[in-house]
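Just below sit the structures, each encoded as C-alpha cells.
One chain, chain A, links the two complexes that follow: it is found with chain B in the first and with chain C in the second.
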Partner chain A sequence: MAAPAARPGAAADRLASLALPAGGAWATEARRAARQRLLEMGLPGRRDEYWRWTDPSTLTAAEPPRAATFDPREPMPFEAVDRVKLVFADGVFDAAASGAPAAAGVEIERLAEAAARDIHWARDLYGRLEAAGQTPVPRPLAALNTATAADGILIRATGRVAKPVALAYLHRSETSDAVLHHVIRVEPGAELTVLESGPAAARCNMGMEVEVADGGVFHHVRVQGRDHERRAATHIFARLGRGARLKSFTLTKNGVLTRNEAVIELAGDGAVAHVAGASLGDGTFHHDDTVFITHGAVGCESRQVFKKVLRNGATGVFQGKILVRPGAQQTDGYQISQALLLDEASQFLAKPELEIYADDVKCSHGSTSGAIDETALFYLRARGLPRAEATDLLVLAFVAEALDEIEDEGLREEIRVRLEGWLARHRR
Partner chain B sequence: MLEIRNLHVRLEEEDKAILKGVDLSVAAGSVHAIMGPNGSGKSTLSYVLAGREGYVVTEGSATLDGRDLLALEPEERAAAGLFLAFQYPVEIPGVGNMTFLRTAVNAQRKARGEPEMSAAEFLKAVREKARALNIDAEMLKRPVNVGFSGGEKKRNEILQMAMLEPRMCILDETDSGLDVDAMRLVADGVNALRSEGRAFLVITHYQRLLDHIVPDVVHIMADGRIVRSGGPELARQVEEQGYADILAEVA
Partner chain C sequence: MDAGIREGVDRETVEAVQSMGRYKYGWETDIETEYAPRGLSEDIVRLISEKNGEPGWMTDWRLEAYRRWLRMEEPTWAMVRYPKIDYQDQFYYAKPKSLAAKPKSLDEVDPKLLATYEKLGIPLREQMILAGVEGAGDAPAEARRVAVDAVFDSVSVGTTFKEELKKAGVIFCAISEAIRDYPDLVRQYLGSVVPQSDNFFATLNSAVFSDGSFVYVPPGVRCPMELSTYFRINAENTGQFERTLIIADRGAYVSYLEGCTAPRRETHQLHAAVVELVALEDAEIKYSTVQNWYPGDEEGRGGIYNFVTKRADCRGDRSKVMWTQVETGSAITGKYPSCILRGNESQGEFYSIAIANNFQQADTGTKMVHLGRNTRSRIVSKGISAGRAQNTYRGLVSIHPRATGSRNYTQCDSLLIGDRCGAHTVPYIEVKNSSSRVEHEATTSKVDEDQLFYCRQRGMDEEEAVALVVNGFCKEVLQALPMEFAMEAQSLVAISLEGSVG
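The block that comes next holds the complex of A and B.
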C-alpha cells in the first residue's frame, strides 16, 4: 500500500497518542499494526475521493456530538426470532441482558475476554481482512476501529448453526462513543446467520471481519434505526472461499449520519456475494453506502442492490465498485442503486464504478433517481386507496428488490413490517 | 345518478379546451354508451370524472347521487361508488395483484364505515369472479398488470369492478384488444352486475360490444360535446355509415 506521510496537526497528535485497549495479548499486536496504518493514512477529510459527499468530521472528532436517546415504543427487531441474543449497551457487552452465548454448531467468545487467551482462528483473522481491504482505497475509520475496539464478539461456525446469533445494540448515554469489532469465521460447509439491530451509541464505529471458507454460507441482516441523532460508521470486510456464499442486507431508518462500507473479496471459484440495503430518510438524514467488491476467482457472482427513499431534504449517497481481477473469468456482476425522491429538496448522489481486467465477464450497473410514478398513484387512488396508502404501496414496491435479497422469509417479513411502520409514521 | 351539466375542461399545462359543454344524465339501472371519433374527448371525460390531475374544469358540474364529484379526491369518488375501467390499465411493478385488490376493497369499505373483508372471504370471492372471467390463479399472483396481454389487462379491470361492486361504472374502451370469446366473458361480467341501483357508461368504438351489453341510450361525442343521443339504433348507424353523416347534420 502506498504510504502517504502522516498529516500534521492536532489530529495526528491525537492518533499518535491513541490509547489501545489494555490486556490484549495477541490482539495488542494487531491493534498496534492498525494504529500504524491509521497514522500513515491519516483521518479522512472532504478532499478524499470517497468522502466528497459525506462529511466525516463528526465521525473523526475526538468527542461525539450529543445524541438524545428515545423510546420508539415498539419492540426491538428480531424479538420473536429464536436466537442467541447478545446485548451491547453503549458499546459494552451486557451479560445480564444477554442470553447464553451458545448454540449447536457455533463457538462464541467475547473479544474483551478472549483477547487474553490464545484463540488461533481469531488471532489469524483480527485486523487481517481490514488491513487487506485498505488497498486500493484507504479506510482510516476501519483501522481506527481495529486499533481501539475493546469489545466485540468472536463467532466461529463449525456446522449448520441451529439459530441466528443476534447482536442487539442499546443506546443509553447521550455522549456514548461505541467502538466494536466482531470477527466471524464460517468453517467449510458451515452456515451462520448474524442479526444486528439498534442504535448502539451516540456515535458508533463498527467493524466486522468475516471469513467464509469453502462452501460456507453467511447470512447477515441488520437494522439500523431509532435514535434520530445517532451517527454511525460501519465496515464489513469479507473474504469468500470456493463456492462460499454471503448475503448481507441492511435496513436503515433515521439517524443523522450513517456510512456503511462493505469490502468483499471473492477469492475462491464460484463464490457468491450479495449486498443489499434499503434506507428510509426524513429531514436531516444522511445515508452513505460505499461498497467495493473484488472478483478474484473464476465463475463468481456478485450483486449490489441499494434502494433509498428520501424526503424532506434527506440525502442518499451510493459509491459502489466492482473490480474484476485478471483471470477472474465468467464473472457475473450486477449493481443497482436507486433513489425515490419524495420531494425536490431531497437528493441522491451516486458513483457506480466498474474496473475490469478479464474478458469473459458479464457486468451490469444502473443508477436512477426519480419521483413517485403519478400514473400509478392515480390508478391506485381511483381504486379507492387514499393517497398516503397508495404512496406507501409504491414505496414498498420500490424497495422490494432489495428486500428480496433476504433469503429467510420470516426475517424478510419482519423487515417489511418495520418498513411499513416507518412509512406510516412519516406520512406528511 | 350521474348528472353532468355543461362541463367545460381544459388542460392544466396548456391553454387547450378539450370538453366544451358536456351534458349527460345517467339514471340508476340504465346503460349508456358513448361513441365518437378519436380525440373527441371521451377518455378526458372519464378521467375528469375519476379525478385525474392535469385538467382544469372551467365551467359546469358533475354530481353522483347529488354529491359534487369534482370536489372529491379520486379515492373519495371511488368510495362513493364511481369506477373507471381504464382505456390503458396501468402496470405497477412490485405490487401484487391480490394485495392491490384486497387493499382497494378494504380501503373502500373502511371509507364507507363498513367492516373489512376477511382474508378467507376475499380469497373465495376473487377465485369465483376470476374463474368467471377466465383469469387464472397465476395471473393473480403477478404484479398488477405487469406482463399481462392487452386482453388480460382489460379482463383484470372487470375483475376489479366485480370485486369493488361500484354503483356507477365507466368502461373506457374495455372491448378494444379483446378476442371474441373474451368480449363475451367481459359482457357477461358486466351483465351480471346490471341491477336497479347500478348504472354503466360504456365508451366504445364498436357495435359488437353493444350487441352483448345492450344500451338504453347511445350518445355521440364530437369535439368535446355530445352532439347526438338516441337508442341502440344510433350505434348501428355509426357502425354502418361512420360519423360523417351525423357530424354533417349537427354542424
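The block that comes next holds the complex of A and C.
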C-alpha cells in the first residue's frame, strides 16, 4: 500500500491514544490490526487526491459538530414492510424499540455480544474485507470504524430469507457520534435483503462488510435521514463469489455532509453488482458517492447509476472507478453519473475512472451535468401542468434510472413517494 | 477499387504496413557535435544563455526558474512507471559543430544536415513541398507550401519562407532569434501562459530551453501558408528542451504543424518541451502534432521520455484554439495540451490519437478550463493499446461559476489489442453553474471480431484488417488533421501497431 506515514499533529496524537472497545476476543485482534493500519495511513486531509472535492475535517475531528435533531413529521421508512426491525439510537442499540432478532433462514446477533466469544463465523470477515479494500486507495475512515466500532449487527443468511432485516438509526442527541460496524454473510444460494434508514447521529461512521458466497443474492436499500445538519461517512465492502449478485440503492435527502463509499470485488466468475444512488440537496448539502468496483473474474457485470438533484448551492460529488484485472475477460462494466442543477449556485464534481487490463471487455461510462431541459418543460406546461409540477415530473424522470435498480416493487414505490415528498417540500 | 481503399484506409496505408520497418527514423546522422559539459548547474544555465547570445533579463529569468526547480519534486501521479531520471547524467546542450557560425542562408548549411532533413522528408528548400504530399491533392504545389523551422538537437538549423512571411507581417523564426530581434514581444508573452515554475518539467524547460520556434501573426492577418517545426534529436545522452511561443493577434489565423523523430538507442533520452499559444480577440490557432519520437524496441529498451507542457490561452473574446495530436512515439509520454478559455465565446478543441505498443506508456489528455461566458470545448480522444503497453486518458473539464452558458462535449474511446496491455481513463469534471452543459462519454472495447472477420473474408491478412479497423476507429481525429499530416498519421497508425497481432 502506498500510504504516507502518519502525519504529525493533533490528529496523530489522537490516533496514537485511540481506545479500542473492551471485552472482545477475536474482535480485539481485528481492532488492533485496524488501528495499526490507521496509524500507518493517517487520517485523510484536504490535500489527499481522494478527498479533492470533499473536506474530511469534520469527519476526522475528535468531536462532531453539533447537529440539531429534526422531526420529519412522517413515518420512518419501511414501516409498512414486514421486517425484522433493529433500532439504534445515536449508535446505541435500543432493545425496547427493536423486534425479536429472528426469522427463518437467518442468524442475527449483535457485535457487542458476539465479539466476546472464542469462535464465531464473523471472525473470518470482520476487518478482513475492509483491509483488502485499502489497496490501491487507502480509506482511513473505514479502518477507524473497524478499530473503534463497539456494536453493529452480524447477519448470516443460510436460506432464502423472506423478511428483510431493517436497521433503523435514530438521532436524539445534538452531539452524538455513532460508530457501527455490520458484518453480513450470505451463504451459497441464500438470499437476503437489508434495509437501512435514519440519520443515526450528529455524526456517524458506518461500516458494512458483506460476503456473498457462490450463487447468493444480497439486496440493500438505504434511506439516509433528512436531518439537515447531520454528517455521515459510510463504507460498504463487498466480495462476491461465483454467480453471486449484489444490488445496493441509496436515497439521500439533505444532510450537510455525506460520503458514501462502496468497494466491491467481483471475485467469482459471473458475479453481478449494481450500485445505485439518488441524492437530493437544497442549500448546504454536500453529497459524495465514491465507488470502486474490481472485476477480478471472468464474465462479471457491474453497473453504477448515480443521479443528483441539486439546488441553492448544493454540491454533488461522484468518484467512480471500474478496475478490470488481467484475465477478467468478458467483463461488462457500466457507469453513469448525472447531475441536474436547478440553479446557478449548485455544482457537480465528477471523476468517472476506468482502469482496464483485459481486452475482451465492454466498459463504458457517461457523465453529464446541466439544467432542466426547457423544451421538455415547455411541452409539459403547454399541456396544462403548472411549472412546479412539470419540474417535479422531469426530476422524477431524471432519477428513474437509479430507482429502477431496486428490484422489489414495494420498496421502489416507497422510495418514489419519499422522493416526491421531498420535491413538494423543496419547490422554489 | 479494392477493399483496402474503402472506409478511410487508402492503398498507401496498406503498402506502408507491408513495406516499412518498425521505426523508420531510427538512423543517426554522423556529425561532429559540440556539447556543454555533462550535468546541470547554474553555470550550465548561464552557458546556454550565453550560447544563444541572450540579454541579461533572459539569463536572470532562466536562473530564477532553475532555482525554483531545485526545490521541486518530480511528479508521480501519472500512470507511468520508469526508473528515476538522473538529471546530472546527461547533456543539456548539443550543437553540430558546423553550425558554430550561424549560416546566413540555408545554402550555407552543412550538407549533412540538409541531407538529414531530406531523408526525413522535410523540405528545407522553398521549392520543395512536404514529402508524401505530391499527388495527394489536385491543388497546385504553390498552394500547399509549408514554412519549416528545423531544430536539430539544441539549435535551429534554419527557417524557410521567412522573407515571404515577413511581407505578410508574420514573424516566424527560432525563439533564440526572437529573443534578440523581438525582445518586447517575447518579454510580453513568454511565460504568460505556462508560468516559469508551472510544474516540474516546465520549470526545468524554463531554465535550460535552448531553441524552438516563435510565431507572431499580426492583427487581421491570415498566415499565407502552414508553419511547421521539425524537431530532431541526434546526439546521444542529450535532452531536448525546446520552447515554442505562438501569438495570434486580433483576428489572425495560423495553422502550425509539429513533427519529431530521434535515432534508435539503448538508453533513454529526455524531451521536456513547453508550448505556449496566445489567441487574442477573434484569433484562431490550429496546432497539430505528429509525435514520433523513438519508442524503444520490442523489449522496452531505449526510447524517449516525453514530458511536455502545452497550453493555450484563449485570451480574447471569440478566439479559438484547436489541438490535434497523433501520439505514436516515445517510451513514456506525459502530455496534456490544454485551453484556458478566458475570452467570452472562446472555443477550445482537442483531438487525439494515442497509440502505445510493446512497452510504451502514455498518459495523455487535455484540460479545458472555462472562465469566460458561453465558452465551448470539445474533446475527442482515441487511445489504442497493444503489446504490453499502458495507455491512459487523463483530462479535466472545469466550468467556473462565471462561465455561464458554456458547453463541453467529451468522448474518449479506448481500444485494446491483446490481453497484456492496459487502457485507462481518468477524467475530472467540475461544473460550477447550471446553465452550462457538460457531457462525457467513454468506452473501452477490443477490436471487434466481426469486423476483423469481415475484412479477412475479403482477402485481407490479419494485420491489414486490424489497420483498417483501427483507422476507422481513429477517423474522427484523422479528419481533423491538415492534409500534410493526415497522410503521414494514417500510415503511422498502421506502422505503430505492426507486430501487435498474433
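FYI, the second predicted complex is superposed on the first by the 424 of 428 C-alpha atoms of A that agree within 3 Å, B and C clash if a C-alpha of one lies under 4 Å from a C-alpha of the other, contacts with A are read in each partner's own complex, and residues count from 1 in each chain.
In this section, a contact is a pair of C-beta atoms (placed from the backbone, for glycine too) under 8 Å apart; a residue touches a chain by one contact, two chains touch by 3 or more.
The shown structure was predicted, so the numbers you read here are calculated from the model rather than taken from an experiment.
Peer 1: After the overlay on chain A, what do you see for chain B versus chain C, clash or fit?
Peer 2: Overlaying the two complexes on chain A (C-alpha atoms) leaves chain C and chain B fitting together cleanly.
Peer 1: What is the contact status of A:Phe70 with respect to chain B (first) and chain C (second): first, second, both, or neither?
Peer 2: The answer is neither, since A:Phe70 touches no partner chain.
Peer 1: Once chain A of both complexes is superposed, is A:Leu385 in touch with chain B (first), chain C (second), both, or neither?
Peer 2: After superposing on A, A:Leu385 lies in contact with chain B but is clear of chain C.
Peer 1: Which chain makes contact with more of the residues of chain A, chain B or else chain C?
Peer 2: C
Peer 1: By the touch definition at the top of the document, which applies to A:Ser369: first (chain B), second (chain C), both, or neither?
Peer 2: Second partner only, chain C.
Peer 1: Should A:Glu49 be classified as contacting the first partner (chain B), the second (chain C), both, or neither?
Peer 2: second
Peer 1: Is A:Ala397 touching anything from chain B or chain C once the two structures are fitted on A? First, second, both or neither.
Peer 2: The answer is first: A:Ala397 touches chain B but not chain C.
Peer 1: Enter the shortest inter-chain Cα distance between chain B and chain C once the structures share a common frame, rounded to whole Å.
Peer 2: 14
Peer 1: For chain A, which residues lie in the overlap of the chain B contacts and the chain C contacts?
Peer 2: none
Peer 1: Which residues of chain A touch chain B once you look at their complex with the stated criterion?
Peer 2: Against chain B, the touching part of chain A is residues 373-376, 378-387, 389-390, 393-394, 396-398, 400-401.
Peer 1: Please name which positions on chain B make contact with chain A in the complex.
Peer 2: 50-53, 73-75, 77-79, 84, 86, 89-95, 99-100, 103-105, 107-108, 111, 143, 160, 164
Peer 1: Under the stated contact criterion, what part of chain C meets chain A in this complex?
Peer 2: Touching chain A: residues 77, 79, 401, 404, 414, 416-446 of chain C.
Peer 1: Could you pull out which chain A residues touch chain C in their complex?
Peer 2: 49, 53, 326-327, 329, 339, 341-371
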